[in-house]
Structures are given as structure tokens and as C-alpha cells.
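So that you can tell them apart, the chains are marked A, B, C and D in the order they are listed, and the count of residues begins at 1 in each.
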Amino acid sequence: MKRPDPQQNGGEAFVNCDGTVAEAPRLKKIQFADQKLEFNKRPTKIGRRSLSRSISQSSTDSYSSAASYTDSSDDETSPRDKQQKNSKGNADFCIKNIKQADFGRREIEIAEQEMPALMALRKRAQGEKPLAGAKIVGCTHITAQTAVLMETLSALGAQCRWAACNIYSTQNEVAAALAEGGFSVFAWKGESEDDFWWCIDRCVNVEGWQPNMILDDGGDLTHWIYKKYPNMFKKIKGIVEESVTGVHRLYQLSKAGKLCVPAMNVNDSVTKQKFDNLYCCRESILDGLKRTTDVMFGGKQVVVCGYGEVGKGCSAALKAMGSIVYVTEIDPICALQACMDGFRLVKLNEVIRQVDIVITCTGNKNVVVREYMDRMKNGCIVCNMGHSNTEIDVASLRTPELTWERVRSQVDHVIWPDGKRIVLLAEGRLLNLSCSTVPTFVLSITATTQALALIELYNAPEGRYKQDVYLLPKKMDGGAATRSGFSLSRQNGVFVFFVL
Amino acid sequence: MKRPDPQQNGGEAFVNCDGTVAEAPRLKKIQFADQKLEFNKRPTKIGRRSLSRSISQSSTDSYSSAASYTDSSDDETSPRDKQQKNSKGNADFCIKNIKQADFGRREIEIAEQEMPALMALRKRAQGEKPLAGAKIVGCTHITAQTAVLMETLSALGAQCRWAACNIYSTQNEVAAALAEGGFSVFAWKGESEDDFWWCIDRCVNVEGWQPNMILDDGGDLTHWIYKKYPNMFKKIKGIVEESVTGVHRLYQLSKAGKLCVPAMNVNDSVTKQKFDNLYCCRESILDGLKRTTDVMFGGKQVVVCGYGEVGKGCSAALKAMGSIVYVTEIDPICALQACMDGFRLVKLNEVIRQVDIVITCTGNKNVVVREYMDRMKNGCIVCNMGHSNTEIDVASLRTPELTWERVRSQVDHVIWPDGKRIVLLAEGRLLNLSCSTVPTFVLSITATTQALALIELYNAPEGRYKQDVYLLPKKMDGGAATRSGFSLSRQNGVFVFFVL
Amino acid sequence: MKRPDPQQNGGEAFVNCDGTVAEAPRLKKIQFADQKLEFNKRPTKIGRRSLSRSISQSSTDSYSSAASYTDSSDDETSPRDKQQKNSKGNADFCIKNIKQADFGRREIEIAEQEMPALMALRKRAQGEKPLAGAKIVGCTHITAQTAVLMETLSALGAQCRWAACNIYSTQNEVAAALAEGGFSVFAWKGESEDDFWWCIDRCVNVEGWQPNMILDDGGDLTHWIYKKYPNMFKKIKGIVEESVTGVHRLYQLSKAGKLCVPAMNVNDSVTKQKFDNLYCCRESILDGLKRTTDVMFGGKQVVVCGYGEVGKGCSAALKAMGSIVYVTEIDPICALQACMDGFRLVKLNEVIRQVDIVITCTGNKNVVVREYMDRMKNGCIVCNMGHSNTEIDVASLRTPELTWERVRSQVDHVIWPDGKRIVLLAEGRLLNLSCSTVPTFVLSITATTQALALIELYNAPEGRYKQDVYLLPKKMDGGAATRSGFSLSRQNGVFVFFVL
Amino acid sequence: MKRPDPQQNGGEAFVNCDGTVAEAPRLKKIQFADQKLEFNKRPTKIGRRSLSRSISQSSTDSYSSAASYTDSSDDETSPRDKQQKNSKGNADFCIKNIKQADFGRREIEIAEQEMPALMALRKRAQGEKPLAGAKIVGCTHITAQTAVLMETLSALGAQCRWAACNIYSTQNEVAAALAEGGFSVFAWKGESEDDFWWCIDRCVNVEGWQPNMILDDGGDLTHWIYKKYPNMFKKIKGIVEESVTGVHRLYQLSKAGKLCVPAMNVNDSVTKQKFDNLYCCRESILDGLKRTTDVMFGGKQVVVCGYGEVGKGCSAALKAMGSIVYVTEIDPICALQACMDGFRLVKLNEVIRQVDIVITCTGNKNVVVREYMDRMKNGCIVCNMGHSNTEIDVASLRTPELTWERVRSQVDHVIWPDGKRIVLLAEGRLLNLSCSTVPTFVLSITATTQALALIELYNAPEGRYKQDVYLLPKKMDGGAATRSGFSLSRQNGVFVFFVL
């Protein structure tokens, strides 16, 4: 969801395991062109940045707020046109600016503090090098957290080549630090679509080096290899996929009998789900609202639409800060929970006139429609914490009688003819991805799981995994663990992941 | 679990559907005899009461604290030896004292206030009489809440005969009110084992009346009919069973091919589980501790063993009251939740010397063993909220060097040679059943479910249900509902169950 | 407030310090007679009990729920007509039944567990006997907690004679234990007004013994000595007074120049205020509601009238249990706090139709008037946690068209002609005093303060205190402390009072 | 505290009311020189910015995170050397860049949303122009919130000239919007000390215009007029002062008999205190930590030093986010509250090795000393929420064996020889001022109070106020209000300030 998704237009072709092509992926280009057209229609002074952000459907520049400062004065030369070398003379990378390496190193060091499980894994398994001989090609967000993962994989014996899974999420200074450290990284913030696929290609299309493991986030890398280099799968031992979309594509391949290697779905582990939803959103709803609006929570009236894990996190956090929280929910079991947790269950139209903040967490479409927005009070803040950008009917606000004013990054005032304005955050996209950061600790859980999945697939004896999609063995998903597994543990009264 | 369970000794015989007996239930009597021997060994002044309480594994006299007041001066004549009639001359019942009917009526009226769903069902379905012709024999706790259920069943057209599923839990004044109202009730507080089966027999062994529906809680009534009157099943349309144990027995019957009629498992509905564990325990831990010890919660150090639903409820409640709560947990997912909820994870021996209150909620055996109790500080309160009476190793405290002092009902001081004493509640049995009340609202959910299950089984067309154990159709378990179903609804911002 | 208050009729006479009488206290008797008349007008089967409870304005029998069980079978002979001796042959006491001493001893031992500061004081100061030679006459509630205080005073060297400050609050078995232990106690549960003053007189009018310290709760003992034995003040070193009313009377005496000895106001210490209001009410609102109604809190709508310390405690507790809490408040600063704490501020009439529970905590009169009660929904629970019994206009419910039904102790159903009923608790008196217990830990704070005040006054050098009313020196009120003082301390991470 | 404070060096001279000078303020210059020397000693690449920040003792650039983005590419010409006019040709101002006016206008519009009381005052009093004829000279932070205040004063009839009270806190784009709107503003971000006084002088030293009201924040403006233009006080009707320091200076003047006009202390109103401490810090502790470290709160161990209002807010917020919070406190009453609120009381050295975050809120000096920092674990975050920058002994960290690394704005890693690093925020200055924003709603309360104080002083009849320091009349401080007063009100269940 965070990258261009060729699946969305349907009719996607995949190369079969034997190398034959089932259907040409022609629609893909058209789709991209369409998207561009749509985005270009919007008048914006922010230009290219706005475009890329719209394409990415989410901004991740907040992964490091510091990063953006240093970027602003960067030159506009495309990294593809630059000749750069690291201090050891290595030039097998393509990034924005190798000179930012020192700053990136600091970001990585900060991240290491909050990734105890990965650091423990690095320490523990360093001697036995469980990834010796592994040649991993990766396509994920290039952030400080990913850097900790890559350096861990390297410490365990692997060689890595890496591209970004999102054209906007790369932390340039982190990419610089990785390049300086000898990693072949091909990524920068603000890639064009062409850049995007070029970078991926540079990772796999290299003389004298062929990957035997894939770490993917979204399925684009996997897709590219299927399309361009299907024979590579003969040497590939497995795919580890992190995203909902990528997992979905793998299941489709598997169903169609076209999955050539075992794949590991790390998206659906219990711990990841809990962290991504309940625990993470409980903190990021506050963070996202503060960074965009500086609103005081105490005494505010808030309606939270939906009381799943995300809604539970949002409601609890705002209640704790002294807000008066109403909940809308149609599922009776969740409604029961909201009620027993002390939230007043309402229908949206009962409270829409009086609330100061509206938060959608339903996963449904058009939860907040124009009619409701017409009735909101002046200054009402509207944002989305759900799983898509469709919960708020933002399109219905793009009508001539309403004026849009971009007042800050990620903050629009939509102004009615009578002067009433509502405060729309992130244009209805996910607030926690657009306007707050995901705590490193949360990312650390995914990263650790990815590392373990790679180790497991790489070392699994013949026959343990077939050409299918697997969940991480339970022993590794927060439970008792084997040699390469990990477990939740308590040290000094505190919960940590640790490696057996 | 709340009644003698013949299953526990294994080898139980059941009459087959065709009336043949598979194996004689001889072991049963031996079991009871054994239990008596064991209990009689304990020196106690409370005599018969203590015996019955031990057998019942739980006291439910706290269902109505008021009830016990009126009992104290009662005579000791067995109800079986009394001749009583209600004001209309009816004598088809056997209870403690028909004169308590007025007081029981008040208890029923109080209960009605907190059972909106059942009252709504009564009102809604009264016209159509969906239970017209139903002859229901029941065996449940005889409490004000059951009375509301029985009067609802009657209002919907059913005839009822009822016995108690527990020799100690009957509210005598409620039984009196039911008898005065024309119900054939056979139950009193403090039945002997012989009384227990005699009462059940009086419900079913009656000339000119044969049940066509069974409502059971624990399986004893079902067991009795299987054993004594297997032919009755020819007319019986179904069994509704509420308890874990009874459901377990039904599944065994089903597996063995001996289940003659459809049965409905109302124990495992989502709403019931949530209410019985999380929501109910959150309140009853405070209630149970206060009623027994009057302890102030603020500033106390508490360790909660186990962080399942029960542990979550207990921890949250005590934290909210200003206690400092530690949690022990071995399951990593639950440990993770405890940690993210802000509880310090410990091993019991790390904190056992310093805590003021120890609460077990694990469902395991011997969580709190003698060694720990030796190290507790003077005045430490020890109680059990888990699912059995085995979490605290109470047997290990029955040694010569320790002195037991019964300081209040349900409260023992166990005194060490050096004068240190710990405060043991309910002899390690379930605190919430022994020392607090189950809110009527919680019971109302079970009762409503029971009523709906009876209606469903009684009215189901031929073939919908076979000789198997069913869960309540989802449409009734908190979801959208059919004619006879019910649903969670929001009225004026508040959650209620309502009947479609 | 918890005892007959002669001040309320005004015009009270006091003996001057020189022994002259300023005005005869004739009005007093009339007042009592009036009260009786009023109470007798109410038809009640409970008879004498109801009377005494009305006079006392609060029931404290819940100080020990256990106590009431043992009383029920007691004979009706007045203690004044009984001849009793303790096991050592001492007969200088008058109580209900010396045979209950063992049971009382257990209650005292339970109390000791929760009174660490007093036990520490006992231990610490036992060697130096700071009260050697002190002859203390006391008039307080006779409860297990008071017993711990008395036995501490005794351990520190004092002789004690004691009466009850309330005709209904005495725990008979505790009085028995004290008598058995050699204390001259004159008190039982259910004294008549004549008994009340007879008991006080027996404490002071004794040959060969004259008190030199007074410990009073309400001022009746002080009043009696002023009236009857004014010369006693020549030997009295000081008065320690605990109650609001008693303190008020002392200030009046002081203002009128008639206070003959120094007096210590222990009512207004910061710690006592915080415990009596915020911390104690936070727990007792839940306890009181549960014991009387067994109501489930989760999902209930509650309105709390008033957001002072008591309202803050009630609101926080119910919110934590999953209730939806509304607050009414007229003071803007408190309203601000309610708002910032996340409670919706309302006017009572906005929510009166929808709430399940109404709690008054304002300290004002007629907060809940008949008009509101007319509009409450069926089953609404109404109770008072404020500082008087006037917040709910109970008198307005005593009209012919409404039916009162006493359904449990302290619980009345008031029934409207259309069948609607509201649940009135404690007839509008203080719920926490009538229907829950005050945790021993809370009482322990008052008791420790009383002991320290006695020590301070008894040992103070000439001239430190004049004939005036003093607050406990700050060094003793939770601060740094002198030889006889105490301080809050942290032991093993937990707050305790301890004695220097 | 947020500006250079000449008082701190003592011996400050003031011009008497009659214009004679008591003592020459020579020390002042020396003091500034000293400060510079001290700050210059610190090696820093950030140069001038670092200097000014150190002088100001707090950074407020976070008032608008957006603002800083636009600044980065600004030229370095001093505003004093620029010639700028607004669109109407007016040039009576001195700011960074008039072209930023549009952007500043948006910030002001955002602020208006959260300042309902001020907007209501503007609307309500616009007709009567209670400030007609008022000539107000102001010296405060120049932020969007101040702009709303200034435009309100203008709407009520006043003329305004304004300087900044802090050399670093000015939002340049807001200053631009004010200049564009016709206000005579003299302020920019990053003034030198010389600039600072030059700007103040430009506000008062203007031909044909003489102020009759002073609105000051810190006392520098007042000080300047005393020093340079003492005769101006003849026409001045009063001073409104907001800061602790400024109020302190006024009281000193008053004590010395040198206060020439009435002054209003708006710092010590109850509502301001509550908002500035409890409510504001509850939110800003989370905000400040997130913006600087992106740390996840769930499961973290935190020690909060001090449990006053600030500590209460911090502790409650982090507890609600799932942190395990310890509290240190020496005041017994506050310790009692911490304990009853469920926090474990510790001594700092008991937990210093295990905690993840250390927060100081004591108001004392050297709470966290080097010895503690030596024992902290790797990655421990250390920050200050107290009232000064002295709680953390930062100086002790400036030793040769420790390496400082600036990893982000306001974030330093201090690295021990063994590689351990602690994360020091804002160099020990106030986290909430340096690294988070103060919600507009909080500022709105101060601003409203300032406006009301100006109205009151300006309109007060002769003799109501003498040459003394006054608190705002109670009727205005959250209470019932007169013509010019305001009150807390509830509208639709929500608390707002409103103007009578």
C-alpha cells in the first residue's frame, strides 16, 4: 500500500516458474500514467514533492524529522548522474550524497538503542554466522532501522544489495552511511517511477553476483525478478515478505501454482499485529495530532469511529489525556467492549456538531462523508487512523464552493463559504504514517522477525518448506524458540525480546 | 464445577438412547463417600455447613447478602419433613419456608432492574408465546436472577419444574417467592447429597407431566434422566447446558454416540466469556477484597499471577485504585500485553517478600506454594481468582506448626510459629464466587442466552438440529438477529441487549 | 455530626472556667424529645433500631460486617442490668456481652495489620512511656481501630476510661475484648439517649480517679464535663478533638473566652483531609454501591454532582470501572479540573433522564430535588457522598402517592404510581459511612494523629500551649518530626507513616 | 526566566518615580559580557544560534515547527539594515521579511481556533471599545498567539507597539503578518543583545506617541523605561506583567517604594498555574519526548523526580501510555499523593541503573548529578521539566573523558569511554519549552487574562489601584465576572471561558 501496486489494476501477468510469460504487464505503465495525471490536476506550488507524496500514499519523511532539514539545501542533480565513491573507493551504490554518511551513522546509532532484540541477535549469532554464503537482495524502506537490520544480516555472514520500496521514504543520510559502510544501496528520497525500477534492477542485474534470498516489502522486487530474471529463482532459497499487499500477491501466485520458492509471511505474526495496531496507535494518535496542530487534548470532545485495535488505542490515549471520547461501532462485540471500557456509544450524526476532533479507525469506506463535514463546527480536526485513505470522503471536499488552504505541511484548512473551516490532516491518508513517527521499538519487532525468517529459510533442511507461503513457526513468533529463534523475556522486570 | 461431578472419577456409565445401560454408575457413590471422609477430617465447628461448602467447591451465599440474615434464626427441620402450601393452596414444591416469599419477591424485583434484555424478551414475545406447550425441567442455581428467567419462560408459555444445581447456593426466600407464584421448586440452602438427588427426582418423576425441554447447569439433571428415565428422551426436544463441566459431558456423550437429542452449549459465547472473565472480575476483585478484609487499595503492593482475561481485569482495577501492581506471566504474548499496559513483569520470588496482596489468575496448579507463603510478610492477603481451587497450595498450610484462625466468614489467618500471619481468603477457592457477588447484569447475559436457546431448540424445524452439541447460532450471539434472536443495541448512547 | 449535637438548637450554655454557669442547658432535652417525635412518626417495623439510626444520622455498623452476625441472637437485656466480670474478676465496665471477647480480639488483630504507624509508635515509645501518669478519658466510636489506639495509649503508660460517641457504632465484641483486657469501657450498640449520657458519666464520675487528658469525637464528653464537673478542668492538661462539630464547638468556646485548657484540632490536618475525602471516597463509592445493590459499573451512566475532593474520587473510581461519568459543578476552578480530567460537564437536568446512578458530593442542600427524581428512569440509584444528609431532598419523597419499600438493609425502593421505582440508598445519608467500611488504614491516620496530639499536649512544657485551639504542629502533620512526632517514610518503595 | 535577567546579578539600580537615579545600572553590561564568555567557551559549530539559545535559556522555536522550515534559506542580512514596507506603504516596523506575511496570517488563523475566550472578548467588547485611547507598548514572545492578543487589543480600540521579550522566540512570519496588518513590530528570531534593546527602544522612543499602558513579560521593557524614560510613567496608567521574574522585580520595586504606577500580576492566577503546570505538562512531556527521540513509551521504565503539579502531570501521562513509572519525592504530602496514585516511591539511586528515562520536576538544583549519570544504562534518556535548568548537573558532563555528539536538534549523546551513551535533551533546559509546543489553548488563558488586566487597569476609577502590585480581581480569575470580566462556562457540555 505504500508503494505503486501493480495489482490494483488487475490483470497482472507473471512469469511462470519455468520462465514462460503468462501475460504481459502492459497495464502497469498505464496505471502509473493515470495516477500522474490525476495528481497533476491538483494545483500545487510544492510541485514534485507533492506528486511523489501522492503517489506514495504516505509520507515517511517523519521517520527522521532531522533528516529533512539537511535535505532542503541539496542540489537537484539526479543521483544517477553523479559519480560518488565512499572513503574506501567503492562506487557500487547510487545515493543522494555520500557526504551525509556521518549524520546517517548517528541516526543508525540512535536506532540501535531501541532495537535490543536485533542487537542481541547480532551478538549471539555472530560466531556461528548462520547466514554465511547468503546473498540477500532487499527492497524495503531505507531507514535507520533497516540499516540496523542490514548490518545485522551482514554480521551474520550475508552479502546484501538493497533498493527502496517507496520512492519517498528513503533517509538519504542513512543510505549514505550504508554506502560508506560498503553496502550496495540504490535509493534516494524523491525517486521518479523510472528511478524506482532502475534501482531495483541495479540490485539484481549485476555481473558475478546472484541473490539466493529475497527480502521484500510490497512485492515489487519479487515482481521484477519474476518478470525480468525468472531463472534466478533456481538459486533462490526463499522469499521473506513483510507487507499486506506483498503477502496477498504471494498467496495469489501460490494459488495459481506459480510460486517457485518457499515464502515466509511475516506480516501476520501476533506480536506484529498488536504492535502495529494497538500499542503503536495509542502513542501515534497523540504524536500525530500534536505535530500537526499543537492541539490541547484536555477537555476536547473527540469521536473515534471504530473500536477495533486501532480505535481502542486511540480512545484509550485520548481519554487518558483528558479528552471526552465518543465511539461509533457497528460490530456488537466491539461495541460491547467500548461500552464496558466506559465510552459512550453514539451514531456519528448525534455528535458531529459538537466534537472538536474526528478520528476514523474503521477500515471502511466513506465513514466521514461530506454531509457530516458540512455540519462540523468551525475548527474541527478530521483525520484518519484506519487502514486505507478512503475513510474520509476527501473527494467530496474538492468542489468549487470550498477553499483549500495548506497551512502547514500535512495540514489543510478546508473553508466553507460562510467562513467555517475544518482542519484536514494528511489529506485523509494515514495520520500515523504521515504525521508521526513509528517508534523504532515497533519497527524493531518487524526487523527481528525478518531476520529470523531469513535465517530459518536459509538454513531449513530440504523439504521443510515447499513452494508455498508460510507463517513464521510459532516457536519463533513470541514463543519458545529453537536454535535460531527468539523469545520474549523479562530482564529486570522489563520485557525484551531475546535470542536463544 | 460447582456441583459433584461424577465424571471426575471416570468410568461413568450412561444409559444409551435405546434405554440399555452401558455400565453401572457404581463409582459415583464411592466418590462421594471419599469426599465426605476427607472433609470430615478437618476439625471444624461449622459442621454441616462446612461440609456442604467443601463439596460445592464454592459458596454462593453472597448472591444476596441480605438473605443470610433472615436464615440465621431458622429452625433446623428438614424441608422434606415439612408440610407447606402457598396462599393458593398449592403444595407441589419443597422449600425452606414459604413465609419468606415477600422478601424473595423484593429480591426478584431488584434483579429485574438489571436484566433489561430478559424483561424486553418477556414483553416482546409475550404475545406470541413461543414456548406455548413447552414443559421445561431445570436444574440451576436458584437465585433471584434465575427467578426472573423462570418467570420469563412462564410468560412465554412454558411450564417449569426446577431443582438446584448446587446444594448451597439456593436463596431460600427466592425459592419461597417462586413457590408462592405457583412454580414447582424443590431446593433449599444446605441440602444433603441425598436431598440433592431427591429434589432432582421430584422435578422429573411426576405423574401426568413429562418434560420436553431440559435446562441444565452442570449436567446432573441430564445425567439423572439418562440413568433413571431414559425413555423420557423420546419426548425431549433438546438440552440447554450452561456450564463448562456439563458441556464437556455432552461432548463426551456425543462422541460416544449416546447423545439422544440436540444440545445447545451456551457456555462458549463470546459475550459470556468476556463478561465472566474480564468485565466481571475487574469489579469483583475489588468487591471480594473489600467485603472480606476492608483493605485500602491505595498504595498497596499487589502481585497478580497470570495476565489472561481475569488477570487483566484484576490488574486494571487495582491499578486504577492506586495500587502498585506487579504481574507474573509465562506466556510471551500475554507478557507482552502486561508490559505494554505498564505493569512490571516479575517472577513471584522477586516480590513475594514485599507485596501486600497476592492474587492468582493462572488456571494452573500450585502457583503459590508453601515456600512462597513462608516468605510473605506479616498480614499479606492471599486469594484466588483463577478457574480452580488449586492455584494456592492450601494443603501445604495444614501442618501442625501453623495455626489456623477463622476471623470472619471466608477469612482465615494462618499463623506461623513466630507470630507472622497471612490472610487466606475463601480457603483458596474462587474469591469472586465466594466473597463477592456476580452482578445481575452479568448473569442476565447468560439467562437471556439460555432463554433464546430454549426458544430456538423448541421451535426449530425438523432437521435443523441433529443429535449433537451446538453453539448458539451467531445471529443470536451478539449479532444481527432473527425473529427469536437478540442483539446488542445502543439506546441513548448506552449499550443494551435487545430482542428483535 | 455523628452524635446528638446540642449546638444545633443554639443557645447552649457552658460552664465558665471558674465554675460559674453562664446559661442553663435546658433546650437540650427538648431537642431530643422533638427528634424522637419526628422519627416516631415514620411507620417502621424496625423500631428501636430505626430510631437510633435516625438520631445518629449515620450508621456505622458496617465498620465490621461480621459484628452484626453475632448480635442477632443476643438477648434484649440492657447491659446496665447485667452483672458481668472479666476473667480476672474485674467488673469496672458495662458492655453487651463479655463472652464475645475472643471474637473481638480477632477483629483487633486484623486491624493491627493495617495500622502500621500506631504499632510502630507503640513499639518505639514503649520504653520511654511518654504517657506515664496520663489519665485519659475518651469518647469515640468503639471499634477495632479505637481498640488499637487505646491499647497503644496503655502501652505508652496511660490509664484509659472510654465511652462511645455514637449510640449505634459500637462493635460489641470489641468492647468485650477491651473489657477483658482490663479497660473500663462503657458502651454498646443500640444505646438509648439516656444510656449514652449514663455511659459518659460512668467514665468521669469515678471515685479516686480523675482524668488529666480528654480525647473527644464530637464534643459531648467535653460538654458533659463542662456542665457537670467543671472543676475537673483544673487538672486537665488538654483536649484532643477529632470531629468537625467538636472543633467548631471548641472554637466557639475559645471565642467566648470560656476554653479553660489547650485543645488540639486533629480534624484539619492535610493528610486526614486527603484520606477522608479523595483517597477514601475513591474506594468507598464502589464498595458502598456494590454492597447495597450489586450493580455492575461497566457501561453504566453516572452523574456525579460536585467535583471537590469527594467528587474527584468518586468520578475517577467509576470512570476506571468503565462507567460513563458526567459531572455537575458550579465552581469554575473545579469545573475546569473536571473538564481537563475528561468528564463532560452537564447541568443535572440535561442528563437526569438517562443516568443509571446519581451521586451527590456538593455539600450543598437540595441538590437532587423531587422534580429531578420524578424524571429519573426506572431503577435509577440515588445516593449521597457529600458532607451532610441534605443533598437529596428525601423529605419530598415522603408523600402519599409514593410507596416506600425497604428491600435490603440501607436500600429503599421508592415507587411511583406508574410503577417506576428509584433505588434510594441509606435514606440519603452518607453512603460511605452507612453502607461501606472506612478502611482501617484511613482510620489509622486519625488514630496516630490523636495519639501524637495526646503525647504532645501531655508533655508540652508550660507555656507552649495556651487556652486556645491548636493545629497539630506541622512537624507532626506529615512533616519532619520531633521526638514524639512521626513522618511519612518510604520503606521498600512503599509509603508508610513511621515514628521518629 | 526566559530573557536576560539583570536582577540576577543583584545591585540593579532603578530610576525613582521622580526621575532621579538611585544607582547606575553598570553591572548589567558586565553580566552580559560574562555570559557571552561562558557560552563562547563551549565548542560549537552552530555558532550564533547556539549562543542566543544559551542566553535565552530556552528555545521556543517549536512554537511553530513549520516556521523554521521557511527560515533556513533566509539571507543573513540584519533586519536593521533592511528597508521594508508593507503593502500599504507603512514602514514603521523592523522584522525579518515582510514577504512571509501570508504564511504568518495562516498561523494566526490556526491560533484563533484555539483561543475562543479571546475571540469572544473581541466580539463582545468590540462595540464599546473599552481600550479606546489606550496606547499599549508590549514586550512579549512574538508568536501567533500574541498576534491574536494584539489584534484583539486593537479591535477593542488600542494602539500597539511591540518588541520581543526573547531574542530567539519570535516567529518571523507572524511578525511579518502583524507588520502587514499595520502593527509597529520590532522583533526577529536571533536578535543580538544589542538588537534586543534597540527593538525595545524603538517601541517607546517614538515622536508624537507616548504609551499609557505597559504589557511586559519579564520586566525588561519596564526596566528600560525606568532607566531611560522615567518621565513616561507620568502618563502610564498601569503595568501588566506576566512572568515570575517580572513580578518579582515589581514586588521589589514596590517594597523599595519605587513603583510609580499600579501593576497587575497575572502570573499567579489559579487557572494559569494549573494550566502551566499540571494540564500542560501532562501533554508536553509526551510531545517533547516523541519529537526528540521517537521513543516508544509502552513498557519503558521511567523515573519522575518530584511529584508537584508538573511531576503529577508527567507521571500520569506516562503511566497512561503504558510506562512503568517510579517517583522520587521528599515532601511527605506529595509523597503520600504519589503513593496513593499508585506510583512506587523510590530513591533515585535505587532505580537509576534500570530506568530508560529520567525526568526532573523538582525545582531544585543538582537532582541528577554526575554520579547518577555514570550509573545509567546505555541509551537512557535524561530531560528536565522543572522550573530551572539546574536540575540536571550538565556542567559535570563537560569533562574531557566524555564525548558529546549532537545527533539532532536539541538532542545530544553524551558518550562514556566504554561506549555507553546517555541521551540528553535540550542540554538540561526545560523540555516543554525547548522541544514541544505549548498548546495555544494554554496560551489563550494567559492572553485573555492579560487583555482583561489591561482593560481593568485602563478603566479603573481613580483610587481603585494604588502604586502597588495587584492580583487580578477574583471576579475575573475564573469566577463570576463584572462588565469587563470573564468566567468559565459550559457550552454543550464543554468548558469554555467566556466574557460577560
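Following the convention adopted for this analysis, a contact is a pair of C-beta atoms (placed from the backbone, for glycine too) under 8 Å apart; a residue touches a chain by one contact, two chains touch by 3 or more.
Fair warning: this is a prediction, and the values are worked out from it, not measured in the lab.
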Quick check for the class: compute each chain's Cα centroid; which one is farthest from the centroid of chain B?
D
Would you say A-C or C-D is joined by more C-beta pairs in contact?
C-D
From the mean C-alpha coordinate of chain B to that of chain C, what's the distance rounded to whole Å?
38
Where the CA atoms of chain C average out and where those of chain D average out, how many Å apart are those spots?
48
Starting from the mean Cα coordinates of chain A and chain C, work out the distance between those two points in Å.
62
Chain A residues touching 2+ other chains are 279, 298-299, 301, 321-322, 324, 339-340, 344, 493-495
Interface with chain B, chain D side, in the complex: residues 298-299, 301, 319, 321-325, 339-344
The answer for chain B against chain C in the complex is residues 65-66, 69, 72-73, 106-107, 109-110, 113-114, 279-280, 282-283, 286-287, 290-291, 293-299, 301, 316-317, 320-322, 324, 354, 378-379, 405, 407-409, 413, 421, 423, 436-437, 439-442, 492-495
Note which residues of chain C are touching chain D in the complex, please.
270-271, 274, 278-279, 332-333, 335-340, 344-347, 350, 478-479, 487-488, 490, 493-495
